[in-house]
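Worksheet for the structure shown next.
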Amino acid sequence: MSKKPYIRPLDFKHGCIDLTHGSGGRAMAQLIDELFLKAFDNPLLRQLNDQAAFDVPAGRMVMATDSHVVTPLFFPGGDIGSLAVHGTVNDVAMSGARPLYLAAGFILEEGFPLGDLKRIVESMAAAAEEAGVAIVTGDTKVVEQGKGDGVFINTTGFGVVPPGIDISGNRARPGDRILVNGTLGDHGVAIMSQRENLSFGTGIESDSVALHGLVAAMVETVPNLHCLRDPTRGGLAATLNELAQQSAVGMRIEESSLPLREGVRGACEFLGLDPLYVANEGKLVAICAAEDAEPLLEAMREHPLGREAAIIGEVQEDPNHFVQMQTAFGGMRMVDWISGEQLPRIC
Amino acid sequence: MCLAVPAKIERFLDDDQALVSMGGVEKVISLALVEGVELGDYVIVHVGYAINRIDPEEAEKTLALFAQLGADPEAS
Amino acid sequence: MKYVDEFRDGKLARRVAEAIGRAVEPGRTYHYMEFCGGHTHAIFRYGLPDLLPANVRMVHGPGCPVCVLPVGRIDDAIELARRSGVILCSYGDCLRVPGSDRTSLLKARSQGADVRMVYSAADALRIAGENPDREVVFFAIGFETTTPPTAVIIRQAEALGLENFSVFCNHVLTPAAISNILESPQVRELGTVPLDGFVGPAHVSTIIGSRPYEYFAEEYRKPVVIAGFEPLDVLQAILMLVQQSNEGRVEVENEFARAVSREGNLKAQTVVAEVFELRREFEWRGLGVVPYSGLRIKGRYAAFDAERRFAIAFRSGKEHPACECGAILRGMKRPRDCKLFAKACTPDNPLGSCMVSSEGACAAHYTYGRYRETE
Amino acid sequence: MSKKPYIRPLDFKHGCIDLTHGSGGRAMAQLIDELFLKAFDNPLLRQLNDQAAFDVPAGRMVMATDSHVVTPLFFPGGDIGSLAVHGTVNDVAMSGARPLYLAAGFILEEGFPLGDLKRIVESMAAAAEEAGVAIVTGDTKVVEQGKGDGVFINTTGFGVVPPGIDISGNRARPGDRILVNGTLGDHGVAIMSQRENLSFGTGIESDSVALHGLVAAMVETVPNLHCLRDPTRGGLAATLNELAQQSAVGMRIEESSLPLREGVRGACEFLGLDPLYVANEGKLVAICAAEDAEPLLEAMREHPLGREAAIIGEVQEDPNHFVQMQTAFGGMRMVDWISGEQLPRIC
Amino acid sequence: MKYVDEFRDGKLARRVAEAIGRAVEPGRTYHYMEFCGGHTHAIFRYGLPDLLPANVRMVHGPGCPVCVLPVGRIDDAIELARRSGVILCSYGDCLRVPGSDRTSLLKARSQGADVRMVYSAADALRIAGENPDREVVFFAIGFETTTPPTAVIIRQAEALGLENFSVFCNHVLTPAAISNILESPQVRELGTVPLDGFVGPAHVSTIIGSRPYEYFAEEYRKPVVIAGFEPLDVLQAILMLVQQSNEGRVEVENEFARAVSREGNLKAQTVVAEVFELRREFEWRGLGVVPYSGLRIKGRYAAFDAERRFAIAFRSGKEHPACECGAILRGMKRPRDCKLFAKACTPDNPLGSCMVSSEGACAAHYTYGRYRETE
Amino acid sequence: MCLAVPAKIERFLDDDQALVSMGGVEKVISLALVEGVELGDYVIVHVGYAINRIDPEEAEKTLALFAQLGADPEAS
């Protein structure tokens, strides 16, 4: 017998996480065997060591990490599992890299239903499979009731940058063009529509998706892409301000060129929010030289994840590094960092 | 002050409530503060309550005023 | 979005702006106060100053219920929230307002107080129903627009026999505040604050109607145009004010006729009258004590009055001594006149209430208009 | 001005984490600037991109992840910050690799004192510095009060395996020797001594430390090291059982050769626990061919972290993959996996 | 560690073992029951079977308070823990014990019940003091050793005037259980369970003294040697039993004279007598209903009796039909005789109580001795 | 059953408590169940309570018995 049998298989129908699933004993080994190994199966993970070992060619590599703590765990268009894969794959991809491997760290709250965990893990596995990345190592901790929130997932990604690519947030130059690959705010609105005190109906689904395929198409067309970033927390506004700071430039965007779904506009009106500050999980901001903008836009539009891509503005000189916006109405305003968090408001 | 949005009555619900829609969003609101609202009417919604009906004719008149400004530069 | 998009049309905006440009008399300056934070927000968010002639200047008034809430009431709310067993429900707007010593409901929550953000007054009632062994207090703020929903839930709480629900009432009245501004020595006698007219509040007026403003037009000889909150509404109202000024008319006009009548919403007025009564006076941040400017819960509904239930007494809180909110709310100063503006006071670390709400003059100016100063 | 000034510096004396520190706005940027960047400062982190990019030579790389959820956060001999560095550095090192880079993901609970966070972050920075690894990318999330436990830290490590090294849990062979580098159970006892309901006095400090230096010395002497693993959760018992399973062998250890501190024995007597199941954070189990055992032991003993190293047993054939122990008393018993968690008991 | 290490000396052990080897008469089998789980645990953990001659066989008795707790009482505790407002305090030993349907206090906690593990009875009292608005129940289990601390905290709770504290009492008595075993038909009449003597409990006897065992020696003609829990103590006691058997003596001897006297701890006995009284009967898992074998809280302290406070009635829980715990506790079967052992029943998924506590015969056998079977 | 350990009285504390030590570990326990315990005495500690004093002479006797078994193979 080469393998310890777990006499009672995990009860995914009625079972819950308890502290034994994190205490290094047989219950933990069983959880790993019957859930994680089964869902994520790949030779590196099967090494069953405390680390995954793999061979890489010489070159430029990247590493990115994100902890995922979303409420609710399941939302239209995804769940914390798929999000945990996409979020990190995208951070890797925003360097132009091809994501290869993910490490996954779970923090589970005592009492969390095993069935929900299975659903999440399988969704992660499917997202990883679709993105072509392998989850090669992991960790599971269990915290007491009231010291967690169901499940938190950290993913750390590892990828390889193709030769000749140098994408960084400090490469925006005055005159550069700013592009996005599609509609803004879908993820945040999909999440908010499910929140207890806000619940509203909308056809909006999270845009959560892995973007490295699109990025590959983009760098193929424009290898001299200057900046890439996914506007997640804090929305487009945060990302543009970050890039403006990092590159020590100003920016100016056109409100009328921002792709926005009707339902996102509607939800923002209802809640008193600004879609520029609402999170995305399948969007990217790209900055390139003016002459590369049209070819880049075309390349993006040819990719399924860039059909609604748009040039939304340009980089300009500005010692204050302000981001400004020409409003559709005709005036000009600033697009500042988000202050605090964006709370639904009545005034 | 007093963020409020125009929304269309889509369906009447129990407890003096209605389902309204606005820009692709649907939400349940209270009709406790309005009278004689009908299906298809637009109401102004504030903190989950309809606070008034929108008069479509008056709205038309206001819009006509803007349009007229453009058509007739001497209007003002 | 019907009744929204039409009123944000950039092409029409240019026409109205051009009409204003043609209407203003050269050499004359027009000062109009938009009472309402909703208008302030629209002006900055849509960049209206870029469309207005240089001699039309908007003065930002006190029409943001968050901005005018006195520090002492915030302190009271925080103290309530910290009581063991209490769940304090509040609109999102109130969470970041600084009380004394830079505390806020959000900070209190981060220190363990049970503070819940609600979207609707009805949510507070639901939370009370769901937590029968907790004291649920609704921290009610707002002008006439927001008062009727509060009245509705107090009546519902009584009908449901809820024993764990109460309202900490901070509802205030628009006309009293306008009177106060017009009565102020700077406006009335010295003319140091030139005010040529008012853009009247849209949503408040859907409830109270346009009639209450007639008194101002008559008594103080100031034109009033009630306007919607969409940017075209605001532009149109300014045009109408310029026309009144030019023609020497002093009238109450209604640009927002699609939702405001002379009488207002009688049903809502009735509910409010049943549940609330006038306070002899109420403190407004910036304006000070304003007579008959606030509402309190009637004795008939005393069981639901958090002030009685928790014996909350009026107290004054500590405001930052250099904060100019008061002068700004009365139109005497502008945000950039405050030494703290964009320095010690920013939306991330607000020192005064005008920097908290996105409808506050300082916050709107900081968030949307700051770039103008540095150019 | 190339940098947005944060008018009010973070208040590390009285300030607390609130939700704004995780919402993608200026408060978050300030936290990153004034705390994380300052403490972890290095050129890769200063790239300020969503990922860290670095050049690597061709070869075998490893990746390991651990989420850290310890209570209390500060304990004799360390804190969650130093632990988060050591835990992952060690998982990387257990492949024989030289750890190079760490990614750090923080999940902070609303209300957590900024002063405590600073202490933890600075301890992490010191541990990383001492271990010679750079924290090159990170992430910060804030969860509401009651949905976390002060701070959770995920670290993911990346390292390079020297050529010719092939260490894996499946390489134990009958006849191999089993070694440990020092006393067992120190970490677990140090933690338990601080738990609210147990608090007892003991001079025992956590053994939390980075082991890659010791590992480097070991593989230099014995390149053909078969297995390495750090006996953390579940203690020595869990690690030996894991390795026995993975290599499909049995093991037999000698109780009298297990290095144990007096205070650990005492605490275990008091609480009815078995030191074999108590966690370590600065220990490793090594398995090597019989003829390599003495040189390996010597190499370990010459290193400061291996002074109390010992050969504790040997690998044997066993179709059941049992771990057995010759008791100091003279009898034989099994050393099974931990069942559930080890709870202090009265019977 | 003084008084510990000396009694674990491997060299001395071999001497005692050799002495036993020399003492036993060939062709004769010696069956001794260690009543106590502490002895069972020591036997397995130190590998004593390897040191004993093949004809000395140890029979594992019912001396583990966790193992003998009837399922119904576990169910009661779980139900108590699930009541809103209740904090249930328990020794770590009880947390994983399966009640009906594989539930346990640990599972209840993972589903939201507030269950706290305590190391000392005094901790439960402290928790009650710290949580005045919660009902704190101490789930008290244990033999005579553990009963006095429970009595102490009940008296303290009264002195402190604690109104939110009560004890769910499950304390049981050793002599009653020994009687029950000796009275069982298998032992008394049929001789199907050969028992040549008892290793008497160490720590129980520090409280009750050695005198209570004299009755067994006289009435049932079985030698008793009270022994400490260190492995040398156990070996020595076995040697003393073999000597009694060989010589035909039937006495109570005291190997643990360093802590056990004939009278026991009179102070502890007094405290217990003040707070507790005998129940007419109590159910033991495996043994069934045993007369005068349990304690309940006296009427004088009724306020602190969770059974009265929460109106807990005795009820019977569902045990796994194939579980042989009962027969094992009476020495009639061994763990490997149970069809579920190491198959459906393991320490990770215990079906019977003997698999839960590390002092349970099944768990000790599984955890420490399983390898013997498969060789 | 009844896990209990021998520990040495190091210091008397308020409330009938004492600090005891055992194998490098110190812990506060209750003396409510014992009488006449003195500094330096060894007591048996169970669930935080001293339940009895250890008699050093009796302990010596027991140990002497073991030793004797070895010295004198005929002892049994």
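To keep things simple, chains are lettered A, B, C, D, E and F as they appear, and every chain counts its residues starting from 1.
As a convention for this text, a residue touches a chain if its C-beta (ideal position, glycine included) is under 8 Å from a C-beta of that chain, and two chains touch if they have at least 3 such contacts.
All of these numbers come straight from a predicted model, not from anything done at the bench.
Asker: Could you tell me the least number of steps, going only between chains that touch, from subunit B to subunit C?
Answerer: Contact-graph shortest path, subunit B to subunit C, evaluates to 1.
Asker: Counting one step for each move to a touching chain, how far apart are subunit C and subunit F?
Answerer: The least step count works out to 2.
Asker: Tell me which chain's centre, taken as the mean of its C-alpha atoms, is farthest from subunit A.
Answerer: F
Asker: Can you name the chain that lies farthest from subunit B, using the mean of each chain's Cα atoms as its centre?
Answerer: F
Asker: Can you pull out the chain pair that has more C-beta pairs in contact than any other?
Answerer: A-D
Asker: When the C-alpha atoms of subunit C and subunit D are each averaged to a single point, how far apart are the two points in Å?
Answerer: Chain centroid spacing, subunit C to subunit D, equals 56 Å.
Asker: Just how far, in Å, is the C-alpha centre of subunit E from the one of subunit B?
Answerer: Taking the mean C-alpha position of each chain, the two centres sit 75 Å apart.
Asker: Between subunit A and subunit C, what's the gap in Å when you average each chain's C-alpha atoms?
Answerer: 38
Asker: With chain centres taken as the means of their Cα atoms, state the distance from subunit C to subunit E in Å.
Answerer: 71
Asker: Where does subunit C touch two or more other chains at once, residue-wise?
Answerer: As it turns out, subunit C has residues touching two or more other chains at 1, 4, 9, 37-38, 64-65, 91, 106, 119-120, 123, 142, 146, 346, 348, 359.
Asker: Of all the residues in subunit B, which ones touch at least 2 other chains?
Answerer: Counting only residues that touch two or more other chains, subunit B contributes 1-3, 5, 22-23, 46-47.
Asker: Would you mind listing the residues of subunit A that make contact with two or more other chains?
Answerer: Those would be 19-20, 25-27, 262, 265-266, 269, 320, 339-340, 345-347.
Asker: Hey, which residues of subunit A end up touching subunit B in the complex?
Answerer: 200-204, 261-263, 265-267, 269-270, 272, 345-347
Asker: Can you list the subunit A residues touching subunit D in their complex?
Answerer: That would be residues 1-4, 19-20, 22-29, 47-69, 90-92, 94-95, 97, 101, 103-107, 136-139, 141, 143-144, 146-149, 152, 154, 156-159, 161, 168-170, 229-230, 232-235, 238, 242, 245-246, 248, 279, 319-321, 337-342 of subunit A.
Asker: Applying the document's contact rule, which stretches of subunit A touch subunit E when the two form their complex?
Answerer: 6-8, 16-20, 25-27, 30, 110-111, 145
Asker: Which subunit B residues qualify as touching subunit A in the complex?
Answerer: 1-3, 5, 22-27, 45-47
Asker: So in the complex, which bits of subunit D are touching subunit E?
Answerer: Going by the criterion above, the answer is residues 197-198, 256, 262, 265-266, 269, 271, 320, 322, 324, 326-334, 336, 339-340, 343-347.
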